[in-house]
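Worksheet: the structure to be examined is printed underneath.
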């Protein structure tokens, strides 16, 4: 209950961002929400299943590209969005065979899948616009109704991300979530208890791809262009870093991490030359002082008080 | 035709030799200490740059290789003692930490050496092509690299499989605490192993810099290849690192030759198939 | 009016292309310093933003310049794929963008944005005359291209392929090399043996790797090497005298152009930064001069964006690269220089390798000799 | 009624070694059967074969009248097989209650709901806690399992085997590592199992074995060497020699 | 026999796992040539006591003295080199090493052996012939009981002056338990002191010269086996037998 109030308070605070009237901040906050959602999709695998996927950037990108191609090709939003999420889910189903492996092997095989998707995005120029990507994606509209400017778009994104977060919070505390934790802890025992563990991991993987796909859809609409950069390894890696940095296993953590990383990238970078050093130092500092991520900070503050 | 095959085979071998030097260190640190050190690529880069600097100052290539290796040993010692130990074996934290270290090292290198590609000058005695039977021209430098790779592979294999040190190190992986309870100073031993791995990474930066050039982002390019090697071969196995580097080296060179259109799939496609058939890699042990 | 005119400059200042970004920024600053940081009676303020060669960052950086720093117009970006992203912000906000050095063909052809004017070059622009140069000047009939497999590489390569083939030349093979390739040994081994010359279109660190592998394997004894995009000034730093005499690059600039403008530019750049400027620096230098002329023409009132854009479109600039003016599609008509590497004595730097034009083709349009409509109807160069 | 377990001609080879060598026997419903044998005789391997942890080299296994020779471990569990592992195999980052909740759902591959809470409803939770009480670790029910002592984890192991209400349970040395007090608790639990549940157990503690067993089966070097009532087997000379040791 | 200085003295140690306070002041003394048995129900702190002595989980307070030397702050590997042999609970053999490698490891140069060991491969194989048959098998695939034998043998190969055993007979067949009993008796006769944690009450009684019972992280009873045999209430209360 307390958590719900906290989430509502955060959502409310975010809702004031468009009132600043500065599209830069609105745009950046939207990106934080979008990449935070992508980080959630990665953290779901990291924390609940114990597998670190490096292909969520591919799901993200395939959904974004689908939206881009269909919307610029004149399809209505009601068709483009489901198609995009379906594309991500289909790719998730295909890449899902990787759950047969585990540990570092899983990291690497998903990396392989992600790199293959990237090479399609860069070299299949006719379909994807190659390196230049696809531009001028219109805002979404359902039956002619939809956001017409940046701040309206912002509220759409805020609402959808909020909804996804609620769904996510429900999933990780669900029965299914518990069985995933069991698999993470001791898979052989889960098998001996009668569970189809591979199927479950597979389903979890597809759920993760759907979350990444939703993030990708929002990305396409907010950025209004898509390029292979969306599918790059860095996107997948940083999504994972966002989650760990913010606090893996929590709902807010990935968004906190996204705030820090996007903040350094887009604000601090203007002030500090060689800012990637700073980014590296932040990672190092979190490991040293906040091994549970930034959310661990609240625990520290509580403990510091007598 | 046979001419091209021979050439591609040699190309595969020379890339394999370089990858082996780098990946064997990675496999040692992961296999032995269960440390996922993503900074290995950055070690390659910084070792290469520092070695390059020494080659420029002293004119001696060998000195540069040694200096590149040793400087990374020093860096890694500091990093391991002050930072990696603090992750207490949590792989997520290790990934976060070592990627952080990679950012710091790579960006520092960029500030010092700039972003233009640089090449470590090859020593005079390794310059130019050698002519092989059948009128095949092959660079002498790469030839020597293959020989070096084989020598190091043999040495490491012997160290790992034939000496008690190898057994102890493997025991340390199974159960570090028990190894210590049998009187082994495992911390010291691991420090030595890390030093060896770091030396190989730094030295391979110099060796690789002499034909692949050093440039920003090389740390990721080479790390990905090394990871593929290690995974295909099986983590923690020297034999695996050998097999994996051959696999990657040969696939890369023949793939680029026969199917250049599918370059993106050439390396990763077979790797994905292999892992699905044999999830623990060629030489890895299923647990 | 003495509040400054703010110019937002978008360049990669971190990551793999930071060196190029910095070089470009130097060129821009050099011009304004020489101009006394003033134009149209108003002081100039340059606000630079790092894009790290990533379109997502570029879009944010552009928005920040537009809304937080409230710049009057944008200059940049460097990487081809950042171009569309930044152009989009320009289109959304109406903020004029001088697109440079990003070279994607489509931005002055199929995907034009009314507020975007290119002051650099289009990828395939210099390739068309180069293709004819291969056939007519070098007398080559059978060549193999090695093309970097992404948009810039494809456009640059296929432009030359088209004009070369149009004259009757035969392309034995085009070897596409992905940006992720590390080793050029395998690539070069697949050059067909009957070919006369190899024409590389490679970028970044690939240029030096290609060069080293070429000589390591003794290919210099088997084929002629003709660089379409091989050894620009920055890549020359890491090569030695084996490069002397090679055709290195075809582009809208060459360090060895023998004009007073260029000599002065090179000397002052070397004076200020201790090295030879690359084409990035030149492009930004000329862009600054271009902007200066336009601002003067409208007496500094850049708040009238339409007037500013019109002034840019009308300006005829003489930069280090020679005379430049825009075509109707907002792309510069300018010279193409085909360069060769030579060792020259520079009064400040001593003996250095430098690109020197061997052939200058004047007033080259992005459509070469073709009718624009026909060119556009054919669609982009894609493999 | 047909046999709960029928094994015939079952063999498992590891390289040259036949860990289980041509074993044939049956267990009837409700039987309490203890499997004895020297270390390395193949008991655990036999359990693994029966529960499906790995496949047999040759031979046939039937559970509850169905041929399960090629069936996976999870599927066999869903038929009603519960088991413990000789080396504890529990969920370290979860609490014992969560451990048991998982074990309760496994028998029907349950817990697919994405929205129903993983904490279970009141009655399931009560049942889980009651089971932990029964095995003697109620006070640790809500702490992290990783911090339990060795013995406590063995007790949890037993709870996991029983939680799914199996029709047949296979216990691999459930008393190993337990103190005498906890051992008698385990014996009590076993004795209190409903008549309908079939039990097969490996145990090296003879006091426990003889208390629980209504039938003893003895293995040596992969083969069955004795099978019968506790008294008969105890008197068997070979068993005395290879297993009990001359007393 | 004249009283001699005890070989191992544990003096009021307190040990924590993170925040949880496990050993709450334990003292005991092991005499030379003595088998000292530590008993107690599950979770009472027996393993923690052993971990504290060997510095695997160093105590927060209190001292451990071995042959008069204070072990406080000494790293675990140095303590092992004194030499003390450990048979850990749960066997903990090196699964990816062969049986033979498991056995030679404690005597390799890196383990700090300084004298010619009294224990050799031959002697150990003689003790457990089953192991010599499996010398080249990976220890991880041994049966549970075989692993126990290997774990004991490995500790002996350390050539210890004090043997610390944490439930060494867990999972062993009665024949083998009898053998282990005989072995410990023989070792004791050869002058090797043994600190033994054991759940097999009969065995502990048969072997021990002195017994301590732990409960709730404290020593609740000490004395001879005979005294424990006589103290029905202590037995019932602390051990449940």
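We call the chains A, B, C, D and E, going by the order they appear; numbering starts again at 1 in every chain.
By definition in this document, a residue touches a chain if its C-beta (ideal position, glycine included) is under 8 Å from a C-beta of that chain, and two chains touch if they have at least 3 such contacts.
Being a predicted model, the structure only gives us computed values, none of them experimental.
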Those chains which touch chain E and also touch chain B: none
Remaining chains grouped by touching, chain A not included: one piece
Chain whose mean Cα position lies farthest from chain A: E
Per Cα centroids, the chain farthest from chain B: D
Chain B and chain D: spacing of chain centres that average the CA atoms, whole Å: 47
Inter-chain centre distance, chain A versus chain D - centres from mean C-alpha coordinates, in Å: 44
Between chain D and chain C, distance of the C-alpha-averaged centres to the nearest whole Å: 74
Centroid distance [mean C-alpha coordinates] between chain C and chain B, Å: 36
Touching two or more other chains - residues of chain E: none
Contacts with two or more other chains, residues of chain B listed in rising order: 107, 110, 263-264
Interchain contacts (touch definition) - all pairs: A-B, A-C, A-D, B-C, B-E, D-E
Residues of chain B touching chain C in the complex: 4, 7-8, 11-12, 14-15, 107, 110, 114-119, 128-129, 137-139, 141-142, 211-213, 215-218, 221-222, 225, 252-257, 260-261, 263-264
Complex interface listing, chain A residues touching chain B: 46, 52, 97-98, 100-102, 104-105, 108-109, 111-113, 115-116, 118-120, 122-123, 233, 237, 240-241, 244-245, 248, 274, 276-277, 279-284, 286-288, 291
List of chain B residues in touch with chain E within their complex: 164-165, 167-168, 170-171, 173-175, 177-187, 189, 285
Touching residues (chain side chain B, partner chain A) in the complex: 30, 36, 83, 86-87, 90, 92-93, 95-97, 99-104, 106-108, 110-111, 220, 224, 227-228, 231, 235, 263-265, 267-269, 271-272, 275-276, 279-281, 284
Chain C-facing residues of chain A, complex: 22-25, 27-28, 31, 115, 119, 122-123, 125-126, 130-133, 135-136, 223-225, 227-230, 265-267, 269-270, 273-276
